[in-house]
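Below you'll find a set of structures to go through.
Common to both upcoming complexes is chain A, partnered first by chain B, then by chain C.
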Partner chain A sequence: MSERIPVLRIGDVLLVSVQFDLEDQTVLNLQEDLAEQIVATSASGVVIDISALEIVDSFVGRMLSTVAAVSRVLDARTVVVGMRPAVAITLVELGLSLGGVSTALDLEKGLAKLGRPVGSAPR
Partner chain B sequence: MSERIPVLRIGDVLLVSVQFDLEDQTVLNLQEDLAEQIVATSASGVVIDISALEIVDSFVGRMLSTVAAVSRVLDARTVVVGMRPAVAITLVELGLSLGGVSTALDLEKGLAKLGRPVGSAPR
Partner chain C sequence: MTTPWQAGAEPRSYPIHRSSDLVHIRQAVRALSQECGLSLVDQTKMITAASELARNTLVYGGGGAVRTGLVGADARRGVAAVFEDAGPGIPDVEQAMTDGWTSGSGLGLGLSGARRLVDDFDLRTAPGEGTVVTIVKWVR
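The block that comes next holds the complex of A and B.
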């Protein structure tokens, strides 16, 4: 299994789909890859999909905040999408506020929040 | 670790990012989820990103062909994106032709191939 989560590009938005529980090294790799990719592609936004995560603990919460902070100093906005209702409840119960992280219900709404609508019909 | 790969939606295109080596059950779940999602969302296209895969063997090759075939009977087109050069060489050496599967270099080109360009500036 790869220790790196792929960073996809849609226009000038980077997309990361987190699909498994994150280990320390994976998170460090992801932060590094994202920072590099933001600079390399002049990305203006980052969307992180966590719909596959059933548990978001303080470690993952901190990772999301750090990614958002790193993106911000590189002039990119971060939107976290796909959070499960149970995860939202847990975050609040844990007192984790995801400081500085925008959220949207799904990828499409996240892209819209970044001002990057997707064409839904052939043009 | 979840046995299900999340299926993301962008407009009327579904996006699957394959990030780890696939086991039989994961593939079956993915095929089922994709078929359900295509019907539920009236999706017209499916993009499968395999940029994280270092090895594509006959099992994965067959999976890609099957997904494409299922999508086709549900009136959706499938594009596989992010194939590594080494994977392409291996596929050809193995005699795997990915019958019926369209490919594109990256997610953006894949979306364009499905006629779903992504806005790259705020509108």
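The block that comes next holds the complex of A and C.
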């Protein structure tokens, strides 16, 4: 019942990749785990990859907004990456604009947004 | 609004009693939306609307059930879902359909948002007599 999504740490960035449709309780667990991990690891950034999510309803949308707000209070920035186009269209039509949530098209751009460019040296 | 379930394709019923039921309902509506041939965006909208309404049934209706299946009318095809609870009903429908209004702790987007995501939306309720919400998404 109380499934937990792994929170990975790369330097001072926490990385979460949501790979399957989440139960509400799992969503709430993730919200708490991230807040605890931000403090425990002194993370300065959080990246949440939702590229595998086929839908984001208002419950998950609210979690993303809450994580962004909580991390801000804990001196960390959150970037949500990989949202599918159909999900973006649906969220906006639903009335959720994810105000206050920073987004990027993919993981690499998300890390760059946190000032943590990875891999590919300039050519 | 009647739901003309497609002949030979009786709707299936799924209980809504705990939040883990929502996952199964999303999967069922997704399978139907694909089978029906909805576009990817329309599939996403239909599944999201179903998720919102199923959560309403659970949180505000005290639980209930959804029947979902394929529908057909005038050479049109679509996916329908009927959410039913025996909860307290909605005293003021107009208010409940307003963006941002909620009687609970939600965002108040469930009903009004779900209505925007689908093609047909029908809400029947009376105080003390529960709520039935029917939604249909048609193939374009």
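Heads up, the rule we're going with is that the second predicted complex is superposed on the first by the 116 of 123 C-alpha atoms of A that agree within 3 Å, B and C clash if a C-alpha of one lies under 4 Å from a C-alpha of the other, contacts with A are read in each partner's own complex, and residues count from 1 in each chain.
Going forward, a contact is a pair of C-beta atoms (placed from the backbone, for glycine too) under 8 Å apart; a residue touches a chain by one contact, two chains touch by 3 or more.
All values derive from a computational prediction rather than experimental measurement.
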item: Chain B versus chain C as contact partner of A:D21, first or second or both or neither; value: both
item: Contacts of A:V87 with chain B and chain C, given as first, second, both or neither; value: second
item: Contacts of A:G95 with chain B and chain C, given as first, second, both or neither; value: second
item: Which of chain B and chain C A:G115 touches, first, second, both or neither; value: first
item: Chain A residues touched by each partner, larger count belonging to chain B or chain C; value: B
item: Contacts of A:E54 with chain B and chain C, given as first, second, both or neither; value: both
item: Touched partner set for A:R4, first chain B, second chain C, both or neither; value: first
item: On chain A, positions contacted by chain B and by chain C; value: 1, 21, 54
item: Complex contact set, residues of chain B against chain A; value: 1-2, 4-6, 8-13, 15, 17, 19-21, 49, 51-52, 54, 82, 106-108, 111, 115-123
item: Complex contact set, residues of chain A against chain C; value: 1, 21-25, 54-59, 61-62, 84-87, 89-90, 93-96
item: Chain C to chain A touching residues, read off their complex; value: 19-20, 22-23, 26-27, 30, 40-41, 43-45, 47-48, 51-52, 55, 99, 106-107, 109-110, 112-114, 116-117
